[in-house]
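Here's the structure, in structure tokens; my notes come after.
Residue numbering begins at 1 within each chain, and the chains themselves are lettered A, B, C, D, E and F in the order written.
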Amino acid sequence: MSTVVPPEDPESDPRVKAVFDDIRAVRGNDFVNNVWRYLAFDPRLLEEVWTSVRDVMAKPTLIDFKTKEMIYVAVSIANSCHYCVHSHTAAAKARGMTDAEHAELLQIVSTAARTNHLLNGIQPPLDDAFNASPE
Amino acid sequence: MSTVVPPEDPESDPRVKAVFDDIRAVRGNDFVNNVWRYLAFDPRLLEEVWTSVRDVMAKPTLIDFKTKEMIYVAVSIANSCHYCVHSHTAAAKARGMTDAEHAELLQIVSTAARTNHLLNGIQPPLDDAFNASPE
Amino acid sequence: MSTVVPPEDPESDPRVKAVFDDIRAVRGNDFVNNVWRYLAFDPRLLEEVWTSVRDVMAKPTLIDFKTKEMIYVAVSIANSCHYCVHSHTAAAKARGMTDAEHAELLQIVSTAARTNHLLNGIQPPLDDAFNASPE
Amino acid sequence: MSTVVPPEDPESDPRVKAVFDDIRAVRGNDFVNNVWRYLAFDPRLLEEVWTSVRDVMAKPTLIDFKTKEMIYVAVSIANSCHYCVHSHTAAAKARGMTDAEHAELLQIVSTAARTNHLLNGIQPPLDDAFNASPE
Amino acid sequence: MSTVVPPEDPESDPRVKAVFDDIRAVRGNDFVNNVWRYLAFDPRLLEEVWTSVRDVMAKPTLIDFKTKEMIYVAVSIANSCHYCVHSHTAAAKARGMTDAEHAELLQIVSTAARTNHLLNGIQPPLDDAFNASPE
Amino acid sequence: MSTVVPPEDPESDPRVKAVFDDIRAVRGNDFVNNVWRYLAFDPRLLEEVWTSVRDVMAKPTLIDFKTKEMIYVAVSIANSCHYCVHSHTAAAKARGMTDAEHAELLQIVSTAARTNHLLNGIQPPLDDAFNASPE
């Protein structure tokens, strides 16, 4: 069940086909998962989202691929995006995340959530030592 | 402004003193930041929170210290914990996070948040390929 | 699967019947969706929730019906309420939201989420120009 | 700094005065805190919000006053509403919440947040035993 | 569908068996629900999470068992953890929560959420009267 | 207090100057608010964020400018981004939002939040009528 109608033959639209071709090329396999198939209901939005995700997640940057996917999973858990947790956990595993690293990621995320709630409940003043800005 | 009264002389309580001593020993300096000074209003809660945070964040584990702090920052941003964002960004910098890595972390977190909201809005079905469980 | 037991014959309770009749009258059709059928487990809560939703969403006010439903969808996405996203996206479409407007709504929501996370990560000081209050 | 301009002389509007009088009568003292002073920028919204909060929080119901305020604090922490955490923690204390109960509340809230994130990360299937509904 | 593979024969691991035995002993029945069966993918994480949840939720403390489960449900709703809402609503009912108390809990939680969003939108200044700390 | 150091003389960097010039040109005035001054700590991130926000919010699209800012405020409230609530409420007012429309926006947002929490607590099954997808 979704809120948009995915096109039946998405690649008949050349803009969609170009994105799907790029997805397959970047990943080196033929799997185009549902997020892209459903986003194809609006080719311009599909292009924009794919480009921005690809540029940070699928290209070499300062942070290694596995770590980037683990950070992505962490945010997706906190935002309760079920699809994103599933797809980026799978991506992190494809980038080499072991079960032991997965368990440690979950431990960090859930410990952070715990202190996030604790401090939102206590609201201590910020220590001056934390200020990066001159103001 | 906070919701609890931090004790005026926290280290007069031996349980608080033991935690503060451990904080200083683990960090190798004398700075005890406000979260611990305010949590000292309940020594048992202070002990429990410090122990669980220390065990995953301050001890060597599979994931390196800098990455752990960056994941902690990511979760704290998503949960809108201002104190936590400040304290763990400072910790990540102390563990070696450069400005360029900080910018990349923010880019990953904000891109993840973008697709989290997009997919919570579209709600595409989960791809079978993402299922780790046999069920 | 739900956490409450919806009554088998909800309209045998006159308070529930009155709400269901009002739902049908306001909408001009016979469809009473699950939120109301499940809320009927507590007739007083049903009455209160229906009244407050109806007064702002189903009566003419300053903001037009389609826009009100689009704002409702935006909040429901951010709060990860799957049922609400589905029901209010359907309502927005019933009020005339086109696929292109839906795509633009999703673009605004996801761009806002992106900068929400970015600024919760940076925490710049508020500009004085934004203050509406004299304080 | 706020996003609305509170009226300078709010009680010159009889609808605002009626609400403020009711607040003082219900509480048995003269303190009208900022949330109501700022909501007075729109008397109809002020009336509606005060009425719905008063009916559940300030009138005797099944759940005792102290517990109701503690639940309110729990939700406000999870939603990162700083003003609400402060005002309802103060209200819970006024209703008799001790420091030890406050510490236990924070422990429950932060433990719940921890498992919330853990399970949003693992996404185990729901046990049939949890289904209240016949469907 | 889950992100981890639950072990097929979890109790063949003595650490997992010890936790499952403790779960059954504490609850006085044989039901081990999915959260623990899936967490068994990492015995150390299983031990730590069970211990911390058990110590606050399953042992006698200042706040009674039913109220503790209701607070847990409130936080789980706000954090959109579906599994947690289901499991802790079931636990609250097992501790004696009636349908009328459940309805009142939902009314408090949803009223709190309403004012949380209202005040995050208005951002009135904090009243000095709310400050617990001398600073 | 912020987590990054804003450059002292940001426009000495030609990439930053180009963005600031574009901000001033698009807005038709000289005010460059703090979000851009702080994002200037990383010129590439500044360029990317400005471009994507500008394209949807500052260019004519299907949805009118005032409504777009009101949707942006709604999401920012739900995500507890204080800076964003302030800056986009100011922008909505600059686009013509009246106090009465602001009050109605807050009423819609807070009513949505209320039912979001109510339904996350009840978790009724989705009605088939809401499915846009053939699956």
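What we mean here is this: a contact is a pair of C-beta atoms (placed from the backbone, for glycine too) under 8 Å apart; a residue touches a chain by one contact, two chains touch by 3 or more.
Predicted, not measured: the structure shown is a model, and the values here were computed from it.
Novice: What chains do chain B and chain E have as common neighbours?
Specialist: A, C, D, F
Novice: Find out how few touching-chain steps suffice to connect chain D with chain F.
Specialist: The least step count works out to 1.
Novice: Is it true that over half of the residue numbers where chain B touches chain F are used by both copies, so same, or is it different?
Specialist: different
Novice: Quick check: more C-beta contact pairs in A-D or A-C?
Specialist: A-D
Novice: Could you please state the distance in Å, as a whole number, between where the Cα atoms of chain B are centred and where those of chain D are centred?
Specialist: 27
Novice: Let me have the rounded angstrom distance from the C-alpha centre of chain E over to the C-alpha centre of chain F, please.
Specialist: 33
Novice: What positions in chain A touch 2 or more of the other chains?
Specialist: 1-4, 6, 38, 48-49, 52, 75, 77-82, 85-86, 89-90, 100, 105-107, 109-118, 120-126, 130-133, 135
Novice: Would you tell me which residues of chain F are touching chain A in their complex?
Specialist: My answer: residues 1-6, 38, 48, 52, 126, 130-135.
Novice: What part of chain F is in contact with chain B in the complex they form?
Specialist: 1, 3-4, 41-42, 44-45, 48-49, 75, 79-81, 133, 135
Novice: Can you tell me which positions in chain B touch chain C when the two form their complex?
Specialist: 73, 77-78, 80, 82, 85-86, 89, 105-106, 109-118, 120-123
Novice: Which of the residues in chain A come into contact with chain E in the complex?
Specialist: Chain A residues touching chain E: 80, 85-86, 89-90, 99-100, 102-103, 106-107, 110, 117, 124-125.
Novice: Flag every residue of chain A that touches chain B in the complex, lowest number first.
Specialist: My answer: residues 1-4, 6, 31, 33-35, 37-39, 49, 52-53, 56-57, 61-63, 67-68, 70-72, 74-84, 86-90, 98, 100-101, 104-105, 107-109, 111-127, 129-132.
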